[in-house]
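Naming follows writing order (A, B, C and D), and every chain is counted from residue 1.
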Amino acid sequence: MSERAKEILVVGLILILSIIVYLGKVGGWIGALAFSPAVSIVVIILIFLALVWMLVRTLRGQLLDRRIVFLFVALAVVLPFFMSITQEIKISPEVQQLYDALESLPPGSKVLVSFDYDPPSAPELQPMAESFLRYCLLNDLKVIIMGLWPQGPQQADLALQAALADPRVQQKNLEYGVDYVNLGFQAGNEFVIQRMGANIESMFPRDYTGSAYRDLPLVRNVKNFSNIDYAFNLSAGYPGTQEWVQVAVDRYGLWMGAGNTAVQAPMMYAYVNAGQLEGLLGGMNGAAEFELLTGLPGKGTKYMLSQSFAHMVVIAFVIIGNAAFLTSGRKKQPLGQGK
Amino acid sequence: MITGIVGAVFVLQYFIPHWPFSKMNAWFSDWFSIVAAFAIWLGALNLMKISAQKVVGRKEDWGYALVIIFSFLLIVIPGFAGGQGYREAGTFFSWLYEWAYTPLSSTMFAILAFFVASASYRAFRARNLEASLLLIAAFFVMLGRVPVGDILTGFMPVGWRLSDLASWVMNYPQAAGQRAIMIGIALGLVSTSLRIILGIERSHLGGE
Amino acid sequence: MEHIAVWVAAFLTLGIVSFLYKDNPWYKLSESIFVGISAGYWFVVLFWDNVHGKFWTGVFPPEEYDAAGNVITKDPDWMLWIGALLGILMLARLVPKFGWISRWPLAFIVGSTAGLYLINYFSSNMMRQVQGTIMPLFGMWQTDPATGEVMFQAFSTYDVVGNLVILIGTFTGLVYFFFSKEHRGVFGATAKVGIFFLMITFGASFGYTVMSRMSLLIGRVDFLFGTWLGLIK
Amino acid sequence: MRRRHSRHILLFHLFLFCLFLVTSSAIHAQSETPADTAAVDTAKVQIEPPTSVVVTDHKYDDADALELTWVPSVNDRVPGGKVVGYTVFRSINEREFEPLQELLPGSNFYLDESLYRDTLYSYYVMAYSRNDSARSVATEPVSPQREWLHVDRAWLFVIALLISISVFYFISAAKKGEDLFIRKIAGLEAVDEAIGRATEMGRPILYIPGILDMDDVQTLAAITILGHVSRTVADYDIHVRMPVSRSLVMTAARETIKASYQTAGRPDAYNDDMVQYVTDEQFGYVAAVDGIMVREKPATVFLLGAFFAESLILAETGNSINAIQIAGTARPAQLPFFIAACDFTLIGEELFAASAYLSGEPKQLGSLKGQDVGKFVAMVVIIIGVVAVTLGQAFDVAFMQEIFDALTYVFSTQ
């Protein structure tokens, strides 16, 4: 059989399999998959053995094909989804700081939440958004949502739906415009923040649903940042936390914390240390820690096991690669600075 | 010339609350977004031109160029025909956004995970002291930021476990390096901006 | 429709993933759709948000009604015409003969960017960071919350070491960036320490990036096996 | 100075707050009778009015704002306080007072904006209970003031000026022919070599200016470096490929390359297709650039500008086709990948220094010296500040503490 034919065969098989599973899902005769603890441990051992095999192969001088690396990463991320193992989560100081700041807010405080990310970063930030909103709504904090990214308010809407679906939140009979409001997106990056410092309504004359700003009881009296008790920024890049800190915190003295993608988080530590940010959630584990603190487990906690496995695998790859490199006597020096 | 005057004015506006300086910032943001919106016509026409040339000339992969043109029109036509409410839920535009654009961009983003893994297998080598430090810091952070790290170092006293070490690395040496970079960048930026404003640096508009 | 939607999304997702195996027609198709759709998306969004939303409604404000039903008329913002003028000058490129005119808006943008960022970065990145680095190393006078007595409170060893590290790291990092002196002797050694700190910074960034990328992958896996195939709870 | 001013207000408030605590606890003690809890709805809930309503000019604005402060009603802020809200009333040019803004219980500050100069404003604050109200005394009419200088930012201005002056100084010194030493920057030494390699191999050069628009200084830096690179390229017969993700960058880059070719005396060799717009979308752009890399196999790849997640994909793909890669960005998060996968990496400030360095012109190099002065200032201030505050705190030396206070004040940006 030719290479081409094999490839087509594999694609075809995947297609047929997924159609069957999909029909099963729709028809209800295939349910969710879950490994028992025993099976989970067996799977973990298998993953470990595969790593050992890779180490041995690499030490013998045969670098693995990229595709094997890829396949392995895929397995290490997918399999933990089905495992039933729990792990202990530890709270970092900057997450605690955020939680303490929130706890210090009296009921009725106005919290501004800016959604500055788009769907590609949602896996990291959506869990934070959901648990943050859920916490605020449960604790009678008034939530004002906005976005500096065009897709932000759409993400906010999804997060709100998730938060409102919580039975305890439902019991509170919260009302749009009174307990929470979504002001929508405004183009202009940091200039939006700057003008909000003077007048929020000028930037958001109408909310996401098209109602006029002054018709919304929650924000009618919110003139500018001085009426905001705490701000939380969910950020995946530019414009994001850096701009909020530079403009809203440095110039207008807004009290704020942030949730960032893990990539961005390291830069923000400088701001946390300098006191410009009150609390920081960094990446998936920031979300999981916050969920633990607030006692509202959500997606962050659910994804955390896969996250742990993925980290272990990457670390294993670094070790394997370097073990081979060190034993082979550092032959291949690269061009340039050699850093 | 224009660059210099405009630049100087924009530096000064920060210090002068008096009209019209107080409004400059807001104006600039409006102007820039309007110019950018006009300029995308140039870009889009350029993309269409190059794709059309491929299709007409039956160059390699011209079929895909046709797909580009087709999918461009597929989203642009309902986008303009839909009027102001073009992206409300339920429109074809938002359907495309949700079920084509979103999965494509998030998947493109997600396959980075595979590249990261392969790079750590092949590229990150402890070639010298600097590279080793980089790897060690990465180790602490990667392990310390997931619960497994603490399970592995559970025998250590509280305060010395991996998550604590990771926090320490993030809060101190990392923050210090970050700070040096930030201060350096600010100064580099000041000097670059000054060169541009003074007209010493003109290579962006040609001319040495 | 819902079924079609999920399948389209899954088809495109797998198309991009197939690139990991090798470049192939499925990937090329997904990629071309991606380029076309995204260019079109921004084309439309920029038009409605900026040209229409900013310029048009700013210059010709639509009538609005307040709660009582009275018409509120807003003054047209004449300043926006300058933006439109710059934009039209930009489009002069389409006519090769007048292409040079587009240099004016460019010069304008370059100048204002330079001016604006000079100050913004200077205040946030330089002034605030310098200010943030200045702190007592060993302890400070504080009011004891229990007794209300003002007394000297020494920092823990942890904090003292940390503060020293921040001080040394920032200082040597700056030395590394010095351009006026060759990295030799004591100066070179200091710069070397500086680069160590920079490397630790990069290592931490790397660690966090790994975390972030993995999270994104996890999100997609959740879509494929959860939303699409329904295998995950 | 505002700092002192605000400290003043703070003290004043503290004093009033204590006063208020004393009185309110007394009142609270009084009201803790069963009658209060079982209050009949029709009974008037009487409250005291807010006091000490003060209007001050909002500093450093364009005469369009006034600040209003007051001491909340004594019935506010007590557990189960009776005040349900405040309303600020305003009179313009001594006409009738009109309600302006409703505020929550506990408010003691209001910033009135969008005012006009040469207009007189007067205010009073009304406190409301469930069914009663109490108004404060009205303030004297005042007009907002307009200021020419933002005095709080004076120190920022001075320091920025100091650094600017040192940049000027070194530039003019360089013009006079003084010899300025600048250390070698490895990544930039390699630029000519990298271009030369592309010439030898007869393959194109790929230039990626990051993915942000012209309103980011990193992109500006990338475009200025492009000026020098294309100047060298124009002398050889090599093809430059420059896919971009922003239309404005496309225009600017074309202008730049064209001008370089003209300077080199070869305007005929330039054509617009060297620079090509792909899409604004980050990964759509990356997918296309990857395609170009794999298909055209450039000998040299420049990755200079603002990069985000795509840095890794681009650098890895470039690595896999064995191109010489020179990368640089001011985004620390992306630097590790450049350092791992590229031959030379410009770190942060080096990116901004690059164009001056490449030009080799004394006056441009002079500006780098000016930057060094800035770093020197930062380092000296940090050392002095840390020493002062550490000793000042440890041994309680007053003047050390004053040095620290002065420095923090000078470097504060609020």
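Simple rule for what comes next: contacts are C-beta pairs under 8 Å (C-beta built on N, C-alpha and C of every residue); 3 or more make two chains touch, one makes a residue touch a chain.
Predicted model only: the values in this text are computed from it and were never measured.
Contact with chain C and chain D alike is made by A, B. Counting only chains that touch, the fewest steps needed to get from chain A to chain D is 1.
Inter-chain contacts peak for the pair B-C. Taking the mean of each chain's C-alpha atoms, the chain closest to the overall C-alpha centroid is C.
Chain centres were defined as the mean of their Cα atoms; on that basis the chain farthest from chain C turns out to be A. Between chain A and chain B, the centres computed from C-alpha atoms are 18 Å apart. Taking each chain's centre as the average of its CA atoms, chain B and chain C sit 6 Å apart. Annotation for chain B: residues 11, 14, 25, 28, 30, 32-33, 35-36, 39-44, 47, 102, 104-106, 108-110, 112-116, 118, 120, 124, 130-131, 134-135, 138-139, 142, 145-146, 170-171, 174-175, 177-179, 181-185, 187, 189-190, 192-194, 196, 204-205 touch two or more other chains.
Residue positions 10, 20, 31, 34-35, 38-39, 41-42, 45, 49-50, 54, 90, 93, 103, 106, 109-110, 114, 117-119, 121-124, 126, 128-133, 166-167, 170-171, 174, 177, 198-199, 201-206, 208-211, 213-214, 216-217, 219-220 of chain C each touch two or more of the other chains. Looking at chain A, one finds that residues 66, 70, 73, 77, 120-123, 187, 250, 262-263, 266-267, 270, 273, 282-283, 285, 307, 310-311, 314, 334, 339 touch two or more other chains. Taken pairwise by the contact criterion, the protein chains are fully connected, each one touching every other.
On the chain D side of its complex with chain A, the touching residues are 101-104, 109, 111, 113-114, 186-187, 190, 212, 283, 308-309, 324, 332-333, 339, 342-345, 413-414.
Within the complex, the chain B residues that touch chain C are 1-11, 14, 23, 25, 27-28, 30-45, 47, 61, 64-65, 67-76, 79-80, 84, 86-87, 93, 95-116, 120, 124, 129-131, 133-142, 145-146, 159, 168-187, 189-190, 192-194, 196-197, 204-205. Only residues 23, 31, 34-35, 38-39, 41-42, 90, 93, 102-103, 106, 109-110, 113-114, 117-119, 121-124, 126-128, 130-131, 133-141, 152, 167, 170-171, 174-175, 177-183, 198, 201-203, 205-206, 208-209, 213 of chain C touch chain D when the two sit together in their complex. The touching residues of chain A, when paired with chain D in their complex, are 108, 120, 198-199, 220-221, 223-224, 226, 237-238, 250-251, 253, 263-264, 266-267, 334-337, 339.
Of all residues in chain D, those touching chain B in their complex are 60-62, 146-150, 153-154, 156-157, 160, 163-164, 167, 171, 213, 215, 217, 220-221, 223-228, 231, 246-248, 250-252, 255-256, 258-260, 262-263, 273, 276-284, 286-287, 309, 312-313, 316, 319, 330, 332, 336-337, 339-341, 347-353, 355-356, 359, 361, 363-364, 367-368, 370-371, 374-375, 378.
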